Each structure stands twice: as structure tokens, then as C-alpha cells.
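One structure is given here, and the rest of the page talks about it.
Per-chain residue numbering starts at 1, and chain names A, B and C are given in the order in which the chains are listed.
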Amino acid sequence: MNTSTSLDAPPRDRVTGTQFTRGLGILVLAGMVLLIVLGLFVSPADVNQGESVRIMYAHVPGAWLAYLAFVITGISSAAYLWKRTRSLTWDRIAGASAEVGVLFMGISLITGSLWGRITWGTYWTWDARLTTTAFLFVTYIGYLAVRGLGGTHQQRARRSAVLALLAVLEIPLVHFSVELWNTLHQEASVAGRGTDVEMDGLMLFTLFLGVIVFTLMYVWLVLHRQRSLALEDMLDDSGLDNALTARRAEASGVAR
Amino acid sequence: MSPIAHEPDTDVVIDLSDAVAVLGSFPALAGVTMVVRRGEIVLLRGPNGAGKTTLLRLCAGLIPLERGQGQVLGIDLKNDRELVRHRVGVIGHNNGLYADLTVTENVRFWGRTVGASAAEVDAALHRMGLDGRLADLPVSRLSAGQKRRTALAGLVARRAELWLLDEPHAGLDASGRDELDQVLKMAAASGATVMVASHELERAGQLATRQVEVVAGQVRELGAP
Amino acid sequence: MSNSLKGSSTVIATARLIAAKDLRVELRSRVLLNQVLPFALIVMVMFAFALDSDAVLERVAPGLVWLATLFSVLVMVSRSFAVETADGALDQLRSAGVPATGIFIGKMLALMVQLMVLVALLVGAAVVLYRASFSWAGGVLLVTTAIAATCGLAAVGTLYGGLAAGAKGRETLLPLLLLPVVAPVLIGATRATESAFGTNGIAISEGWPWLGLLAVFAVLFSVAGAVAFGPLLDD
């Protein structure tokens, strides 16, 4: 049941690249160069934040990407569990997306705390968004650990899909409870103090470009990773074919 | 791999056709074709690692049918293996007992999973010779043979139609073995079907109505003992 | 007979059977009494060593009660599933076609009962060791908080315990999976208990929104567990 052949079928030469991903990769590379030039050299420093505003061009797209990745993981997991769309492709997309998401969540947590240190004078604040992000990070590390437990492809797919949907249930609850905690007990959050950014046109454009380039990079990474996961599964299956042949030969040898 | 013909014969309990089952990526069953009918006591022979245990677990609906076709008690293993489970009893290397509870409590527990009455539980205990001083001992203080008998009493109590037993004679004393044979014969006579994997060929040979050799994940009929 | 295994009456019967069995196992083995409760108490004593100030201890007593509860939940969930996997009983239950929802509810209820005993003891320990002020006026809030929180913890613990039960490396996997999920319980139960204790002069009325959070959590994860336990167990 291939829901989309362009995603599913590893190409005949058993590599993960296609004409589309090569084109996409070149586009991402060019966009990244443009983003670096604009973000680091061309765009102006901020009136309040100074040079540190440049961290935003990596941090904001990174955080956006991390959340996008987990939404995709959740949707793919639901698609796997729903009988009419059940396909291991969905499971691999969920896994690939979670891996990329964890990577970018790590990047955005690091860039965020560096920026916070420069701007607020602190690496961390118990702001609901920040805390939820940290929980999401740990939750998906657990998700990836469960994916690695072994068993058949179907066992892995079902187990991890259920876990991903439980995470979808968990994250809003964590966010809500931290927010309630903040509003009742910490009147003024450190966030919002002297951090107003007065974005001029070029800064906005750079940020916008960052989001687009990062999103394209996400698509590129997930396509490749998804296909390499498919190849790994195929390797397992071909291992089974070989082992079957060997075992049958063994049987005819012994039961003469 | 042709699809198996629809079997109008309701006496067929196990019907496998080129069945493949894997443990991890190891093909423990490499294409098994066999038919078992109601009331038979089938002995599975063969060396360790030949796939006897996997065959039992496959028939119990505990592991997926990777390739091929299979039906147990008329239920398709490929799509509905969960439905097989409550009509089948498996005793493997584990007895599935709670060590802290007494013999009676364990048997009653398993009986109650199908709503068995107190009389049924008592009858099960009696049939396995567990209604004497053993009845109120915690399972942790039983010998291996007594534990095995408790597990079988659990099968009786929960009215399993197909008994899949992995080395049931192991660890039983002489009288326990005779008792076990008797129970298995009685169960088969009253309509249950028994498949036994055993190394103890002489004893199990007397018990079985048919022998099947399992070698390297495949089966070979040996006929009646 | 096969029909008797379907339907909600069978699920309820299974749940009662499993819960009674788990509690009976505890009654016989006394693992909670002889091991978990002493462990939780020593954790409470260790907190006092670490924080080293009566004023601080009194202020953070509610949080420490629930933190010690969380640590104990990890141990109790492991124990609850060790009973099932030691001799393959969980396999046997699955091979007997016993409904997974019933197993989930039964194990959850048994865990909840044991957690209630634990929390009662830890609240007592907080009063004695940390001089937490216990007033009867806050009693209703405290009891309802304990019920809602233990219900949520038992649901999540049973759900993730079942997932980790068959896995290699389950001892390390369980805390990684479980602790992030129960963060709302820690926050909600701690704040509600602060209100019940009157810690820092917090009014009892401030505790009720937190109780609401705990109730939502308990309901959501009880339902999720009842639905998801079967797919998680079935391989």
C-alpha cells in the first residue's frame, strides 16, 4: 500500500538521492549562503539588542522547524495507526521527522540560551514556551529510544506511533500547567524586558528567508533519512531471505 | 505459495501452509505445512533450536505469521491471530504463575479469566492432584513438577481447546509424569487437541497419536509411533 | 463462551480480577511495606540533609512529598510489571485473550491503592520531619488532590510500564519515558498541597484550579491508557 511512490520507493540504484532532492539540495545550499551573508553581514544590528539579534536568524527558524517536525511525526503516526492509510512509509517519515526535529530542537535550545544570556543576562527562564520545548526535547529522545527497541518493522511502527500520539496528549498539558504555574506565581516574566526588536525591512526579510531555507532543508533531510530507513528495512528483509535459503538448505542437509 | 483451499472439515484444528515465522530477523520457521485434527495428541520431535517452540507460539497466535498461510480453530492467523488466543493454552518454559500466591489462588485466577465456577476450579485442582496439602502452599515453595501441574490445572480451569505444551515432562517425577499423561489423554478424549514438544521420546511416544519431526524450521511427518 | 470475553462486563470483571490479584500479591510479598515505604522515607530524610534548613524545608515540604512519590512510582511500576513478567504471566494473559483494557484498569487501580497508602505516609512524614502545618480545613482539598494525583500517576505509570515491560533496558527506559509526562502532576499536586498546608500563607481556595488540572490529567490518561494499552502490549 504505497501512499506515495515518489517518497516510498528507493530508486533502483539504491541511493537516497533523486533528481528532485539534488535540485532541492542545491537550492538549500544557495539559500543557506544567502542567509549567512544577509544575517551576518548585510542586515543591520538591532537598536536594543545590538549584534546579538543575528542569533535570531538561526534560532527562530530552528525552533519553528522543531515544532513542525513534531507535528509531522504526530500526523504520520496517526496515518500509520489508521487502518486505511497504514503503511510503513508513514512510520519511517515519523521516525525521520523526529530525528531531524530533535536535532533542530537541540540547536534552537542552545542558540536560545546563548541569546538569552546576552540579552537577558540569563541562560534560562521558566517561561512556558521554553519549558515546554525542553520537555518536548526529552520526550522525543525517549520516542527515539523506543524506536530502537527492536522487533519486527510492524512492532516498531505500532509501538512508536502510539507513543507519538501520547506525546501529542502530553505536550499541551505540560505547556498549560507551566503557564498556569507562571501566571499564578511568577508575576513578571523576565521575557519581554528590553527585548523589543524593531525589525526593519531587511531584518524581517532575513528572518523570513531563514524560515524558508530551514524548512526546505527539513524536507531535504527527511526525504533522505526516510529513504535510508527504507533501505535499512530492506536490508533486514533481504537478510531474512538469505537466512531462509540457508535454513532450508540446512534442513535438506540434515533430514536426508 | 497457493492459498489453502477452504476447509469444510470442522475437525481441522491447525492448518498451516508454507508458514514462515521470524525471531528478530532469524527465520525460526522456514515454511511449515501441517494439519492437526481434533482429539489428536501430536508429538513434535527434533533437536534444540529446530523451531518447535516457535511453531507452538505461532499456533497460539503469539507471534505474527510472516509469510505463508495458517488457520487455527478456523481462525486466520494472518489477520485475526488475537482471536485464537482465548481458546488456546500454551505452557512454555514459563508457567505463567504468580510465585507469591497459593496453588489454589493461581488456578482460581486463571479460571476466572473465562468466568469458571468454583466447582470447575476445584475439579481442575483435583484432576492435577493438587487438592491435598499442596493447595494452600505458595507457588514459590513448589518443586518444578508441582509448578508444571499447577500451570496445567490453570489450562483445565480456563477450558483451553488446544493445548500447546513445550517440554511438559521436564522436571516431573515418575508419578507426576504418569498423571500428566493421563490428564493429556483425558483432555484429548474429551475433545481437546494437544501438541507436545518433547525430548523424552519414549514417554511422549506412548502418549502421542502421531509424531512430527521438526528440523531446521521445517516439519516431516513420521506417522503414528 | 467466546462472547463472554467481549463487552464491557468482561473488561470490568477482568479489571477486578487483576486488581484483586495484584493487591493479594502485595499482601503476601509485602514489597510495598518492607521496601518501597522505607525507600520513600529515606528519600524524605535525604532531602532534609540536602536542603539543611528548617525554614526552607517547611516551605518546600509539599514539593518534596510529591517528588518522593514520583521516585517511588518508578519503583512501584517496575515491581508491578516484574510480577507479571517473572514467570511469563503477562504472556499467559495475552495468550489467554484476556482483554488488555481490563488488565490496564486492574493494574492501574491496584497501583492507585498502593500509591494512596504511600502518599498518606509521606504527608505524615512531612508533618513530622519538615514541620509542615496540617490543618483539618485543608483536609478535603488534600484528600481530593491525593486521589486525582495518584489516579493520574497510576494511569501513566501502568501505560508506560506496560510498554517498557518486555523491553531490554527497561530499568533505564521507564524513567526517561515516565518523568516528562508526569510533570503536570508534580506541578499541580505540589501547588494544591501548598494550599492545603497553607504553606507561605497560600489560601486553600487557590488550590482548586490545580485540582482541576490534576483531574483533567487523570481522566485524559486513564482513557488514553485504556485505549492504547492493547496496541502497546500486542506484538
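Just so it is clear, contacts are C-beta pairs under 8 Å (C-beta built on N, C-alpha and C of every residue); 3 or more make two chains touch, one makes a residue touch a chain.
Here the structure is a predicted model, which is why all the values come from computation and not from measurement.
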{"item": "Label of the chain whose CA centroid is most distant from the centroid of subunit A", "value": "B"}
{"item": "Chain whose Cα mean lies nearest the overall Cα mean", "value": "C"}
{"item": "Whole-Å gap separating subunit A and subunit B, where each centre is the average of the chain's CA atoms", "value": "47"}
{"item": "Subunit A and subunit C: spacing of chain centres that average the CA atoms, whole Å", "value": "32"}
{"item": "CA centroid of subunit B to CA centroid of subunit C, Å", "value": "37"}
{"item": "Multi-chain contact residues (two or more partners), subunit A", "value": "150-152"}
{"item": "Touching two or more other chains - residue numbers and ranges from subunit C", "value": "234-235"}
{"item": "Where subunit B touches two or more other chains, by residue", "value": "64"}
{"item": "Subunit A to subunit C touching residues, read off their complex", "value": "81, 135, 138-139, 141-142, 145-146, 149-152, 155, 158-159, 162-163, 165-166, 169-170, 173-174, 176-178, 180-181, 184-185"}
{"item": "Touching residues (chain side subunit C, partner subunit B) in the complex", "value": "1-2, 4-5, 13-14, 17, 21, 24-25, 28-29, 83, 86-89, 91-98, 234-235"}
{"item": "Residues of subunit C defined as touching subunit A within the complex", "value": "159, 163, 167-168, 173, 176-177, 180-181, 183-184, 187-188, 191, 206, 209-210, 213, 216-217, 220-221, 224, 228, 231-232, 234-235"}
{"item": "Sites on subunit B touched by subunit A in the complex", "value": "20, 22, 24-27, 30-31, 64, 66, 213, 215-218, 220"}
{"item": "Residues on subunit A engaged by subunit B in the complex (per definition of touch)", "value": "150-152, 154, 236, 239-240, 243-244, 247-248, 250-251, 254-255"}
